[in-house]
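A short worksheet on the structure shown next.
Going by the order they are written in, the chains are A, B, C and D; count residues from 1 in each one.
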């Protein structure tokens, strides 16, 4: 039996629960696989390290991790690899020396562009926008924001990014930061929250403060959690990839590597069951599909799935 | 004097049997608990009883336990330091900052420990010189120290520590015996001697029991307390070196919430939170207990937050046990 | 009223301290307004008040416990657990009327507070140890009852979320909760035997025994009070932030204690008033809302509030410093 | 004879390891003062606590007005009309005077809330009734002088319309003037027909105020009777089981050179221009009213209080201690007034208490040597005839007198030059008192210099070679202890002589 640990940033987060669904699906499909779904309660690197230590002791075959910190986890994951455990990262990556493969939910640049585009689409005349991110150490968010900033001047010259703040994926902090943004930038037209926790908090603030129509909240959101804000108009549209597919793919890849059915090297192609296959780039990372956009027309349907 | 007074009577040194009282002491109770948990763990998980597992298990608590040693002394003296976790963050930031200027391993270690010492001295200054309650002061410095890390680092991280620096948090001295663990055992031995075998240790107990009487007896209360705050800062600095080395990087958010875990360790070890009583042996056993419980449950993939229920229950039950026993017997 | 105040609040000094705290909050708001005029607008001030409402209520509960020379570290965990249970009830049984849930929340909190109080009272374990233990137990239980899931906005009924947002005389209901509770605390702490007993056992536990006060029972009641408001805040929190998770209000207990301390509630017990706890909370609330507005980097926030706490403690200690017995002056006054 | 107001029969109360009361019976009569007499630890205060509902007796019966009652709590006791002024001051520093008087039985409004207006009015009335109208009911207790605090304690007892009034060593902390006031009040209570239980170690007071007496020894009632029919010696014999002639020890003072000299020592608020010389082999008595600032001066000499002006010399060399540690090193030690708080560490063994200031001597390079500590402790406690089960016993389990011996032993072990004793016999029974006095005589005979602060006139006059009288933070006079009258000293202490002269 192959034991694959799906380590997430923190337990309880709807996004990761959905990913776990996909992971279990993959396990069933593969047959002889046991998926251990685990993670710390608070999104910290130390919490994940303790978990990695106990996974090493349990002799799991593979660890698929969405990292809270790209660097701090490296020593622990290196130790795991030395003890013969296959390590991949997914969603939020680990520095290359700490994993064999990294699975991006989507292309980083594409996400960066998408989150800006989501705001720009509804701002024909341009205006001030601000970003409300997760924790300041989240690898994936930082990469997306970086990419977004890069495309701004050329593709969206009228959009003016006034601030980036961090809500730490904590509803209270996110709420306060959103309020702070609204208070400090009276001309704010949109809040972009590329995190499922932050986007809900921001939309709630906009709803509470009667700013629907004045400020558009957008970013990455789980349809099931976010439906009401599309319905009430606090948000026009949000995007996300399919977390179920992401979890499914992570387990598939981990399984292929752990059972030596595939090898992690630049250029290699790994098949991932019903999702298709991915090809590794020269940092051994690969990206899945483009983010999918949700708006009034389709949110109803997707909110029933994840 | 009065001639009817009977001849001076002999007052014996002690009436109780030291062996017997040691047998019924807090550390023995803890030891029983520790052994029980050890046995339970080995029954519950087939992976537990392997040398590498046990060695890995020690990493989960040695850094906290190092701080707990000094914290025990501080709490016995009637003070407390809630800023230790923030000191770890600040000391780590200082090391990362120094790293940017190409300072090598010995220098980094010195800076980490030195920063811890300075932070401890700052706490000590506020508490002893300005006469402020330590629990309040250290709630403030807890935000201040970590806040400074955030100011310096923001959303950035320091990484790229030299290879040789990795030894402190990841190195092994002999086979499965890690450097961290050896350091902890050595520190525990030193703290044991300091607290129980020196006049400095005696003064700590006296201060914790009655600081006024201690002062009236010529104990330099403020100075002793200041030294204890410095020691606690120093140990937090050492823990910071170990943790930074183990993580190989610095973020301002490291070691979040450790202060309560350290204090739990100390209290579980039988140190009276009101001051004046406690032992290093108890604290060491308590550290092992907490390490064993978390690692054992980790092997069963129990989420950390559920483990904390066990720790919380353990704390209350172990402390309540002797009290309930006494009540029932009466 | 004013006359009563002068004796009620045992310390004239303390009143002076509250006065200065109020002044410094006003000065702070004024100073910020020079950089961001909209900050001092009534609507924004009302907003800050609303933002601080939960902290104020919790600070009142914590104050009562601190007055008895105890401390309640589990107060935030209590918020999380009560909030989670109420949210789960709402999510799984949407037909239960929301007012009933609002009533149930404080009762749940009360039960949790009573556990703390009972352990402190009957087993005589120091409060800091008891609540350090229950802090982790309550938080872990929050995780367990929800099966590790969060309860999010989509799962809660609209009423559940919107009641605290109903505007009444220009303030949301959440703010009115704080107003009513503050008034209730004022009456209880100054006008009822139990309120006075709480002060008395903090000032001098031995003397309280001689005055016929059951010290253990009074502490028990103090913990029940703090649990009661924590439970209510559990609902308020969930309704305000429309999410219930095991991480709700994590680490918030220290904020609450800091609010008390800034207000001048003495950690040694017996000293502190309703006004002081409220002002302390408001002080923190204003700082937290002001920093983003005046463009201070969010990374400075923590250090600034830490420095504010230390400063407040130093100033409070200065103000409260014993002046000695002043034998010489007294002698002159007599002759 | 009238019926007893209150009767105790077979009351027993034990603490772990101690039988504090054993089958005690006692009657209190209306309109009479009954004095309760016994050595330290005889169980007097325990009895008071049983009568006021703070302790529950293990066995026995309490009968009030012929009906058996149960005193389940302090509240119950004062509802039944039993009130007490306890041995320790048990008041609330941070609450107002009015609330101190009425806490626990405050008047209520119709709504059940506390009626502050009425409470203050009542408090003013009670204070005025007992002649303490100068105390403002609204001030914080912290701001009152110690004597006034004591009056508040009395007012609290009086605020309950009690039939039984108990006073546990009410005079121990008071000086002459306040004691006189208190006695007037007791006379008033008697006239009102209250039953009064009065506890004191001072026989002059007992013979002045009491009608009856009861003697306790080791928790048992040994004897009772009418004071007027029983000579003091008989009572003492009942009390200690032998006779104690408390005569102050005869000494042949051999006064040597000046050891300690103070010159114009001042403190910004507490004392001013203090100057005197202390010589080897001398007992220098300090007399004054409570709150005259004597302890403050002593604490300045001991390095506890910062001074603003003036200088000290020790053996001719300048001496400016910054902490007690400095003073002890220089050879000056201080036996503080508040034994429990400042003297002994109650939860530590006797041996650790005694060796504390001598740790440098008993340890080697900072490492403890228990054998040395025991040897040192044994040497000095045996010399003081300490009564204890073992040297590892916690100091808190000793009786008051024996605790005082531990403190003195601790200081003797440092082999000091000057020993300052602040109220060395306060609250100590007559047997131990004689021992302390004899011991002081021995000390000076060995060439030590002793400063003795005392509010007890007989003690000051019986022991001192010279007497310093302090009043309101200043030295009034330094007198040779020859041909002094008690009256003259009291007048100096209260400042009456200046008016008279």
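Observations, loosely collected:
Simple rule for what comes next: contacts are C-beta pairs under 8 Å (C-beta built on N, C-alpha and C of every residue); 3 or more make two chains touch, one makes a residue touch a chain.
Please read all numbers here as calculations on a predicted model, not as lab measurements.
Relative to the C-alpha centre of chain C, the farthest chain centre belongs to D. Chain centres here are Cα means. That of chain A falls 36 Å from that of chain C. The distance from the centre of chain B to the centre of chain D, with each centre set as the mean of the Cα atoms, comes to 43 Å. Here the CA centre of chain B is 30 Å from the CA centre of chain C. Within chain D, contacts with two or more other chains are made by no residue at all. In chain A, the residues touching two or more other chains are 11, 41-42, 166. Residue positions of chain C touching 2 or more other chains, listed in rising order: 143, 148, 246. The list of touching chain pairs reads A-B, A-C, B-C, B-D, C-D.
Chain C meets chain A in the complex at residues 36, 38-39, 44, 47, 51, 143, 146, 148-150, 152-154, 165, 240-243, 245-250, 288-289, 291-293, 295, 298. Note for the complex: chain D touches chain C at residues 52-54, 73-78, 84, 86, 88, 90-96, 98-99, 103-106, 112-114, 116-117, 120, 138, 140, 145, 269-272, 291-293, 296, 471-474.
Within the complex formed with chain B, the residues of chain A that make contact are 11, 36, 38-42, 44-47, 49-51, 53-54, 56-59, 69, 71-76, 79, 83, 135-137, 142, 166. Considering their complex, residues 45, 47-48, 50, 52-53, 56-57, 59-60, 154-155, 157, 159, 166, 169-170, 243, 246-249, 251, 253-257, 294-295, 298-299, 301, 303-305 of chain B touch chain A. In the complex of the two chains, the chain B residues touching chain D come out as 1-2, 4-5, 8-9, 11-16, 197-203, 205-206, 209-210, 212-220, 276-277.
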